[in-house]
Structures are given as C-alpha cells and as structure tokens.
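Some structures to go through are shown next.
In what follows, chain A forms one complex with chain B and a second complex with chain C.
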Partner chain A sequence: MLEAFQESIKDYSTPPEKALIRDLTAKINCYVSFLIECRPLSISMGNAIRFLKTRIVKLPLTLSESEAKATLLSDIDRFINEKIILADKVIVRHAVTKIRDGDVLLTYGSSSAVEMICLHAHDIGKQFRVVVVDSRPKLEGRLLLHRLVRKGITCTYTHINAVSYIMHEVNRVFLGASSVLSNGTVYSRVGTACVAMVAHQFHVPVLICCEAYKFYERVQLDSICSNELGDPDAISKVPGRKEINYLDDWANRENLQLLNLIYDATPSDYVSMIITDYGMIPPTSVPVIVREYRKEHLWI
Partner chain B sequence: MPDTHALVNEFVIKLKKRKVEGSKATAKLTAELLRSVISQQRIPHTNQAVALIDAIKSVGEQLIAANPVERDGDKVTAAKVQGFMRTGGVGLWEEATGGREKEREDGDSFGELAVGNIVRRVLHIIREEDLSLTTAAIGGLSLSAVSDDEDDVEQDGHPVLSAAAVAAAARSTLRPPSLQTLLEDLPHSAAAPPTSSSGGDSDGKSKSADKSSRSRKLKHNVIEAVNELIQDIATCHEQIAEQAVEHIHQNEVILTLGSSITVIEFLCAAKEKKRSFRVFVAEGAPRYQGHVLAKELVARGLQTTVITDSAVFAMISRVNMVIVGAHAVMANGGIIAPVGLNMVALAAQRHAVPFVVLAGIHKLCPLYPHNPEVLLNELKSPSELLDFGEFSDCLDFGSGTGYPLLHVVNPAFDYVPPKLVSLFITDTGGHNASYMYRLIADYYSADDFVVQRRPS
Partner chain C sequence: MNMGRNNSSHCTRRSRYTLSLKTKNSTTLAEAVAAIRALAWVIRSSKATTMMDLEIELKKASDSLKSWDTTSISLAAGCDLFMHYVTRTSALEYEDFNSAKSRLLERAEKFGNQPVQMSHYHEKLLTKSVLQARKIIAMLGQDFIFDGCTILVHGLSQVVLEVLKTAAQSRKLFRVLCTEGRPDRIGLQLSNELAKLDVPMKLLIDSVVPYGMDKVDMIFVGADGVVESGGIINMMGTYQIALVAKSMNKPVYVAAERYKFARLYPLDQKDMVPALRPIDFGVPIPSKVEVETSARDYTPPQYLNLLCTNLGVLTPSEPSVPVLLISSPP
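And then the complex of A and B:
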C-alpha cells in the first residue's frame, strides 16, 4: 500500500491556486476511502496512513513542489525500510536466540515474520521441527508448509481441532500478529486465540512476533466488538471435497447464517512474550512502547 | 453352534470394515447379537451362570479384538509411525506409540468401547439374574411347609447350605468389593457344586425337571433383561430430550460442535416447548459434521449460525451454554469426544460458560483413561487434510534422505478431562462428572473389567 502511495505521489502535481498540503491530504483521503470500500483497513495500514498524513502536514511551507514530493517519497522509503524490513531482521535475530536444538515449534496460519524466523534458524544450522497448524476457510498454513518443506525443514501438518492432541510434543509456539493493542491483547487471524489458550493450558510459552508499527492505542476486550467479516460462501464450500455440500443453498434458508470471522483477540495472559524490533517485551509493556516511541518517531 | 459363529463373524467383519456407524448402532447390534448367542447357547444343568458367562466372554473377546485401528487403510499411519521411530523422532512419540503397541496386546483397545460396554452389561445382567434366582430358590424352598417326598429330600439337601448360601448371596457381588466379599467368594462358589451333588442323591426326574426349569428361567430372565437393555438403548434419546426444558431458557445462545443425534433431539425438544434460542454450530473439520447438523436444525426451524472451528474462542463470549454429545464416558468422568472439543471446553471454562455433555448410559465405560490422547484415539487418513498430489514427494519414504520431511496428523477423537465438564445429562438424569464412577457399580460387575477368559 505504501508503495502504491509512493507511485501516486510521484504522479501527483499540484493544481494551480491550491496548497500542496491540503490538496494532497484530500487526495490521499480519496484513495483511502476507495481502499476501505474494497476491504476494511487493517490496523497496521491505518497506522501507516496516519504516519503519511502527519508527514504531509509537517512539510515546511517553503518547499517547492518537487522538493516536497522528494521529501515525502524519501520519508516513505525510510518508513518501509526501518519499520518493516529492518524491523523484521531485528525480530528474526532476537527470536532465533529462543530456538534451541531439538526444539519443536508450533505456528499457526501463515505469518511472514515466523516464516523468516524458521528459515533463518534453519540456515544457521539449528535442528528443529515445525508443526504447522491450519484452519478453514483460508487454509493459509498450506502455503507456509510448502515454503518450509521446500527448504528442507521437517514439518508436521495438522488442523486446528487437533491442537490439543499435538500440543504435548511442542516446546515453543510462535505466532504472528496483525496488531497488538494497548491492553496487551493480540489482534490476529481467527484461531490464534484458540492456539494460545491450548498452549497456555499445556504450559508451552507463546511468543508473538510483531513489528512495532503495528502497535495501536485502542483497547479491546473480545473479538466481537470490532472485527471483519469475510465471505460466507467460503464456509459452505470445501475445496477438494465435493461430497460436503450440505449447505449449498444456504442463502435460501432464512434461519441459516454463515459467519466467517477474519480476526480474533487473544487475551494478554495467554502471551508469554512479544518480540518486536524494540526488543523482547512482555505484553504489559505495549502501552509504554506506544507512548514513548510513537511520540519520538513523530518528531523525526 | 455354527449359527452363532457365523453371526459373530459377520458382526466382527462389519466392525472391522467400519460399516457400523455411531456408538448407539454399535451398542444395539452388539446387544442383539449377544441375545441370540444366549438364546442359542445350550447350557448344562449345573453352573449355568458360569457357562453363560464363559460363552459371552469368548464372544466378547472376539468382538473387542476387532479393532478398526488395524485396518489396511491406515497403513500409511502405521508406516509413518514406524518411520518416525526409526529416525529417532521426538522421544514422546516413541513412548506414545510404544505404549500403544503394548495396550493393543491387552486386547481391549479403543474402537470397541461401546461393544465392550455392552458385553460387560450383559455379563453383569447374567450375574444379577443368577443371583436373584439363587436367593429366590433357596429362600422359597426353605419357606415352603408342605411338600412331597422328593421335595423333602431336596429341601433337606438345601437347608444344609441355605444358611451359608443365603448369607453369602445376600452379601454378594452387587456390593462394592471389600475384603469380606473377596474372602467369601470361595465359599460361595463352593456352595454351588454341593447343591448339585445333594440334588443328585434325590429323585433324578424331579431334580432335573427343577434344574431345567431353573436353567430355562435363568435364560429367560437374562433374555428379558437384555431386551430391556436394547429398549433402553433405543429410547435413550427421548429420555435425555425430556430434560431439555429444564436447562434451556428463553433467548439463550447455545454452542455445539460436530453433529450428534442426541443433541438434535435435545434442542428440538426444547423448541417444541416454545423456548426461543439460537444455535452456533462449529463445523468440525475435517469431517464437517457441523454442516449436517446445521442443515438438520434449520429444517426443524431453529435459528442456526455456522462458524469455523477457529472462531470458537471469538464467539464463546456471547454464548450461554455449550451442549455436546460424547463418544464415550470414562470411569473418572472424562469424555472421549470428537476432535476439537477439548479446545471448546477450555474456552468455555475461561469464559465461565457451562459445558454440558449429553450421553446415554450405554456410553459409560468402566475403564480408566490412561494416556487417552494416544491410547484411546484413532488417527485417520491425511488425505482429508492435504491433497496427496501436491505434497507426494515430501510424504514419500524413498526420497533423498530416506525419511519424509512431512507428517500429517489427523486424530479423530479428543479427551476432555472431568474438571472441564459442568454436567452430564444421561437417561437417568443429570449428574456431576465426579459422580459417574458410582453409576459403574449399578451397571457393571468388578469381575468383568477385563473381558478375557482366564486360561483354565
């Protein structure tokens, strides 16, 4: 999304008799509403857009249009570099210290941070095994499974219902997050809360790998108050199993509804540690990071 | 009895090929089979009960040994397990599978919990009926005043033992085992042969007439009791459903996972009594029985919402009660349930939502679950989870390094410990999980826990 914004800024030219700042902000707002119509924004996208708007507003008025555009483009570049790419490298470096030889790691769905951790740990020669837990309807775990097995990592694949069965073998649980909220709640793909709960029951440490730009000031107690709904047809159709067609005409039945939640909120007491580019912190320190580092980075 | 052998073999084959679905159907068929075995069994005049018990035990052993886990279709699983052990996989796996091998040798493995239950019930019925007949016969004979010469002789023969026998019978196996019963066991069984030997002294005809009428009576009683058992199994749903109204109030939200006929009947009974509530059904991958349940509930007019299993934690904060069916109830109050229910039970505990289990009494198993995740579980084919075509090179043993990089785990059942279960609703009423062990004394005898004939 940020790269798309970069392209649009490059192509932007101020119409005559209008201030760059206000006009550009208005244009960005249009783009954002269009994006929202396609799909509700994720929290990290919201944070990035807020960063961009703040940068635009803070542009000194004396700059010419091309200089302003260049500044903005370099700001966005720096954001992407520092907050996303470098952050991922730091997270991987921290997380790999938590993997010992002979470990069995469990991960849920497909998180880019966790994938990088596994690949890097394998590269530096650690011996470990990964359990990939997957769930409907997105079945994202299969993609992660493909990539890990291609690299030669021994994997076990199972579905989320079997998590109680497999958890007694597991040493560590690595999960990704879409966002971490200020009360320590982890907001991520639906099913993460179940995995964290079962891990907690079996006394297995749960580590969340999340870049700091995904932290957010909002608080949330459960998954219902704020969530995203996906396509209900994804529930009634099971790819690859033609015989499961009991719900094919669900739209015609008035008593029947299909609910496809995309996200859920994992309470902070199930989380042992959050690995971010600022270090490894307990979930109770999240509001501290949000307060201290958000302010600092706004002033850069 | 070639007839019974044929019947038994037929049933064993059906069990092995998994043609019998569901514990209720299995229980019913087992009971009917045992009934035909009993009715066709020719029993000697002496020690009828012991002969019957032996016959049932031999059939029971065969049925219990028809363990579906050893089917050809699961060779992949078996090979994977061995492959894992060869590569020295995680120590726990070896332990677990080693344990599994050992348990299977004991002859009483998972697939047949329902069958084992019914076998034990029938054995208990036989013991009970024999006992009540013995006490009745001895009690009746010692009380009757006027009699013929033959009867006199019989009476004279019996009262010698009647004191000891009645005493022993009165304090018998129906009580929980104690040191006294264990020590009395010997004189009690010694009481039986003297009865027959003293009977042999008197007139043969009347004695044999009496004995055959007694044996016919025993058989008759046992068959009647087995018929009652079959009746109970068939009607357990109605009796459980009658209690629905006490538990479901207005405007409630109920969560369930997978599909169970008991649950359908329960919810529909509440709907009949004009309670309005809605149901969230978790689909229960990879069997997707939740879809079947949802379709059925909608057909009967209930407001239903289908959710994925991963959304259970998210939705449970808005749920008033979780109602599920179980595959088997173990002696400690824990249950063997479709996979995913342990997760639901944990979520329910976290949100203080009552977790209610509906189970007919025929599902109560007198065994204690040791390491139930492994020993009381079944691993199904990985093809339900992954398409073989995509990953065939990883699943193969012959590729490259000699052991597969990819293992797929697909268990069929979950164990839910008793502390997570709030209430059991059975055909005899509602019970706490900690009470279930008492019901075992009502339906099973302590001698029958291991259904194996002692080598004589």
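And then the complex of A and C:
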C-alpha cells in the first residue's frame, strides 16, 4: 500500500492555485476511501496512513513541489525500511535466542515474521522441528509449510482441531499478529486465540512477533465489537469436495446465518512475551512502549 | 587508536582488579557498584576525544568485566545500565565533549556516591549510595512489617537484612522463620545475624516450608536479578516458596535495588545462564547418579506481590519494570 502511495505521489502534480498540503491530503483521503471500499483497512495500514498524513502536514510551506514530493518519497522509504524491514531483522535476532536445539515450535497460519524466524534459525544451524497448525477456510498454513519444507526444516502439519492433541509435544509457540492493542490483547487471524489458550493451558510459552508500527491505542475486550467479515460462501463450500453441498441454499434460510470472521482477539493472559523491534516485552508493557516511543520518535 | 587499545586493556586489568578486591573484601560492596566504579575509572583515564571513542572503550571494558563472571546477573545488569546511560548521553548533543564526560562521571559517582579516588583501592570500598539505596528500601519495606507478624525469609540478602534491622530498630515486635537454604546452608548465617539483632527466630529446613506456611504472614526475599517480565532470579528454593505462598494466599515481597534490573526475559527455568554449585551430600554418591547442581531459579511475576526498590514500591506485573529500564537513570 505504501508503495502504491509512493507511485501516486510521484504522479501527482499540484493543480494551479491550490496548496500542495491540503490538496495532497484530500487526494490521499480519496485513495483511502477507495481502498476501504475494496476491503476494510487493517490496523497497521491505518497507522501507516496516519504517518503519511502527519508527514504531509508537517511539510514546510517554503518547499517547492518537487522538493516536497522528494521529501515525502524518502520519508515513506525510511518508514518502510526502519519500521518494517529493519524491525523484522531485529525481531528475528531476538527471537532466535529463544529457540534451543531440540525444540519443537508451533505456529498457526502464515506469519511473515514467524517464517523469517524459522528460516534464520535454520540458517544458523539450530536443530528444531516446526508444527504448522492450519484452519479453514483460508488454509494459509499450507503456504508457510511449503516454504519451510523447501528449506529443509522438519515440519508437521495439522488442523486446528488437533491442537490440543499435539500441544504436549511442543516447547514454544510462535504467533504473528495483525495488531497489538493497548491492554496487551493481540489482534490476529481467527484461530490464534484458540491456539494461545491451549498453549497456556499446557504451560507452553506463547511468543508474539509483531513490529512496533502495528501497535494500536485502542482497547478491545472481545473479538466481536470490531472485526472484519469474510465471504460466507468460503465456509459453505469445501474446495474439491462437491458432494458437501448441504449449505448451498443458506441464503434462503431465514434462521441461518454464516459468520466468517477474519480476526480474533487473544487476551494478554495467554501471551508470555511480545517480541518487537524494541526488544522482548511482557504484554502489560505495550501501552508504555506506545506512549514512550511514539513521543520520542514521532514516526521518524 | 593504538594508544586507545593499550589503554583499554590496561583499564580492563584495573577493572578486574577492582572486582577481585570486592570478592576478597566484605559483602557490603555490590558487584554492580564495583563494576560501575571501574567503568568510571575508565572514563577518567581515557584518552578518547570523541563520544564514539569513549563509548567503544567503555564497551570493551564492560564486556571484559562481564566475562569475568558470566553467571552474575547483577554484574551484567550494572554494566548494561551504565552503558545504556552512556549511549543515551552520547545521543544527546553536547557541544562540549568534556561536559558530556563530566556528566557521565557525575552519574557514576552518584551511583557510588563517593569520588572515585584512584589511590583508595586498598581500603574497604564501602559505597554510600548502595547503603543509601538499601536504607530507602529498608524504610519502605519495614512499613509492611506490623507488630506480632511472622516473616519467612529465604536466602541471605543484605537488603532484606537491612529491612529487618530497620524494623527491629523501630521497636517492632516480629518473628522470623528462616529456611536453611541448602546447599549453601545460608540460613545458618542469616540466623547468626538475626540473633545479634535480638529478633526471635526459628530455623526451618527447606521441606518444612509448606508445613509452617500457615503461621506465616509475609515472605521477604532478595533478588540476584529482576527480569523484564517482572519476575526475579534468586537463590534456588525461591520459586518453591513463592508457589506455596501463592496457593496459601501469603504475600511475597521482594527487596531489590535499581541496578539489579536486568534485560533478561527467561521463559522457563532452563532459559537462563546456568549457575552451578556443587552439592556435598556428606556421603559418596555412586558415579552413575546425576545431581542437579543449579543454584538459581526463576520466579515468574504472578507469584510475587510487591517489589521494594529504591525508586519506590512497585508491582511486578506493572509496566513499570520495563519503563524503569528504559527511562530512568541508574
């Protein structure tokens, strides 16, 4: 999304008799509305847009158009580099210290941060096994599985129904997050809360890997109050199994509704540690990090 | 640069000498304080002309100090704390390198609260500030001790001893149960100290703790290190006592100075640098039998009630532990 914004800024030219700042902000708002129509924005996307708008507003008025554009483009580049790419490197560095030889790691779905951690740990020679837990309808775990197996990591693949069966073998659970809220709640792909809860019950430490730009100053107590709805047909149909057509006319039934939630909220009690680019922190310290570092860095 | 390198190796040797003096001398000088004073000495004698050079020298000296005893958490924590402060100071723009240097020295001296005199390595290195920190903790801690209470103490922590001394001096009437603390039998040393204070006390062997927990009102322990999650690393047996206390609803209070806060985050008992202490069973053990010789355990924050530090009384699960690490000076 940020790269798309970069392209749009490159192509942008100020109409005559209009201030760059206000006009550009208005254009960005249009683009954002378009994006929202396609799909509700994720929290990290919202944070990035807020960053961009803050940078636009802070542009000194004396800059010429090309200078302003160049500044914005370099700011976006820096954001991407520092907050995303370098942050991932720092997270990987911290996380591999928590992987010991002989460990069995469990992960759910497909998180880019967790994938990087596994690949890096494998590269530096740690001996470990990964259990990839997956769930319908997205079946994202298959992608992760494919990538890990290709690198030669020993993997086990299972469905979320079996997570309590497999948990007794597991030493560490690594999960990704779409966002971490102020009270330490982790907002992530639906099913994450289930895995974290089972891990907690088996006294297996749950480590959430999340870059700091995904932290959000909101508190959510459950998964329902703010979520995204996916396509209900994805639940009613099973790809490759045409004979399972019991729910084909679900839309006609009055007392039947299909609910396909995309995200869920994992309470902070189930989380042992959050690994961010600011280090390894307990989930109770998230609001502190949000406060302290946003003030200091102010997205720079 | 060559000069710098020679200088830093000389500083390293000098710093290690300071530390070794500490171990020969009393228990009153904490390792962390000795380390910080050694680093202050490095600053004083450094010939660096920029903050970067000074930082590099300090980093080398700090790494060498840490390698002297890899199992000591407070040593590493003290070094890290000071290095963190150095990095923050160098990040701020000081026009004058010398003023930055003197600011660092001032902070280090405040920590030792006594001017670092190069000729005084032979005297007893009593540092006022460590004692000051302990006094603050003692004052805060003894507020929790009420007349007629029974306190369970585990391990020989100077800070906890100070708390008990202060309470005794304010004429509070209380009883102390102290655990034997195998394998070091450290409880016996503690009982000697307490006998001098005229505090009624009872010695318990380690397995008697749950049996006697009914009569206990609170538990005081020190800490080798306080970790980022809010838990503590302390002498073996602390976790056991905390578990029993939690299940019987007895409060556990930890007394620890600020410099003991370390940037560690153990996930379980094995996730720390092992500190092994050989155990003498008194009878010869057959060679095929393995003995667990670990001397430290990790107590997670949910089993602790309060942390009494020289910066105030904190709860372990509060965000304050990492905040302290980030924001406040040593």
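Please note the rule applied: the second predicted complex is superposed on the first by the 298 of 300 C-alpha atoms of A that agree within 3 Å, B and C clash if a C-alpha of one lies under 4 Å from a C-alpha of the other, contacts with A are read in each partner's own complex, and residues count from 1 in each chain.
Everything that follows uses one rule, which is that a residue touches a chain if its C-beta (ideal position, glycine included) is under 8 Å from a C-beta of that chain, and two chains touch if they have at least 3 such contacts.
Small disclaimer: the values here were computed from a predicted structure and weren't measured.
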{"item": "Clash or fit, chain B versus chain C on superposed chain A", "value": "fit"}
{"item": "Partner chain(s) touched by A:C194 [first = chain B, second = chain C, both, neither]", "value": "first"}
{"item": "First, second, both or neither for A:T284, with chain B first and chain C second", "value": "second"}
{"item": "Included angle at chain A between vectors to chain C and chain B, based on C-alpha centres and rounded to the nearest 10 degrees", "value": "90"}
{"item": "Partner chain in contact with A:N252 - chain B first, chain C second, else both or neither", "value": "neither"}
{"item": "Touched partner set for A:D222, first chain B, second chain C, both or neither", "value": "first"}
{"item": "Of chain B and chain C, the chain that contacts the larger number of chain A residues", "value": "B"}
{"item": "First, second, both or neither for A:I166, with chain B first and chain C second", "value": "first"}
{"item": "Chain B versus chain C as contact partner of A:T62, first or second or both or neither", "value": "neither"}
{"item": "Least C-alpha distance (whole Å) that remains between chain C and chain B when both complexes are overlaid", "value": "18"}
{"item": "Chain B to chain A touching residues, read off their complex", "value": "90, 92-93, 280, 283-286, 288, 291-292, 294-295, 297-298, 301-315, 317-318, 339-340, 342-343, 346-347, 350, 373, 377, 382, 384-387, 390-391, 394, 405-411, 414"}
{"item": "Chain C residues within the chain A interface of the complex", "value": "228-230, 263, 265, 267-268, 270-271, 301, 317-319, 321-323, 326-327"}
{"item": "In the complex, chain A residues that touch chain C", "value": "98, 100, 172, 205, 207, 272-273, 279-282, 284-285, 287-289, 292"}
{"item": "Contact footprint of chain B on chain A as seen in their complex", "value": "104, 129, 134-137, 142, 145-146, 149, 152-166, 168-169, 189-191, 193-194, 197-198, 201, 222-224, 227, 235-236, 238, 240-241, 244, 246-247, 250, 253, 255-261, 264-265"}
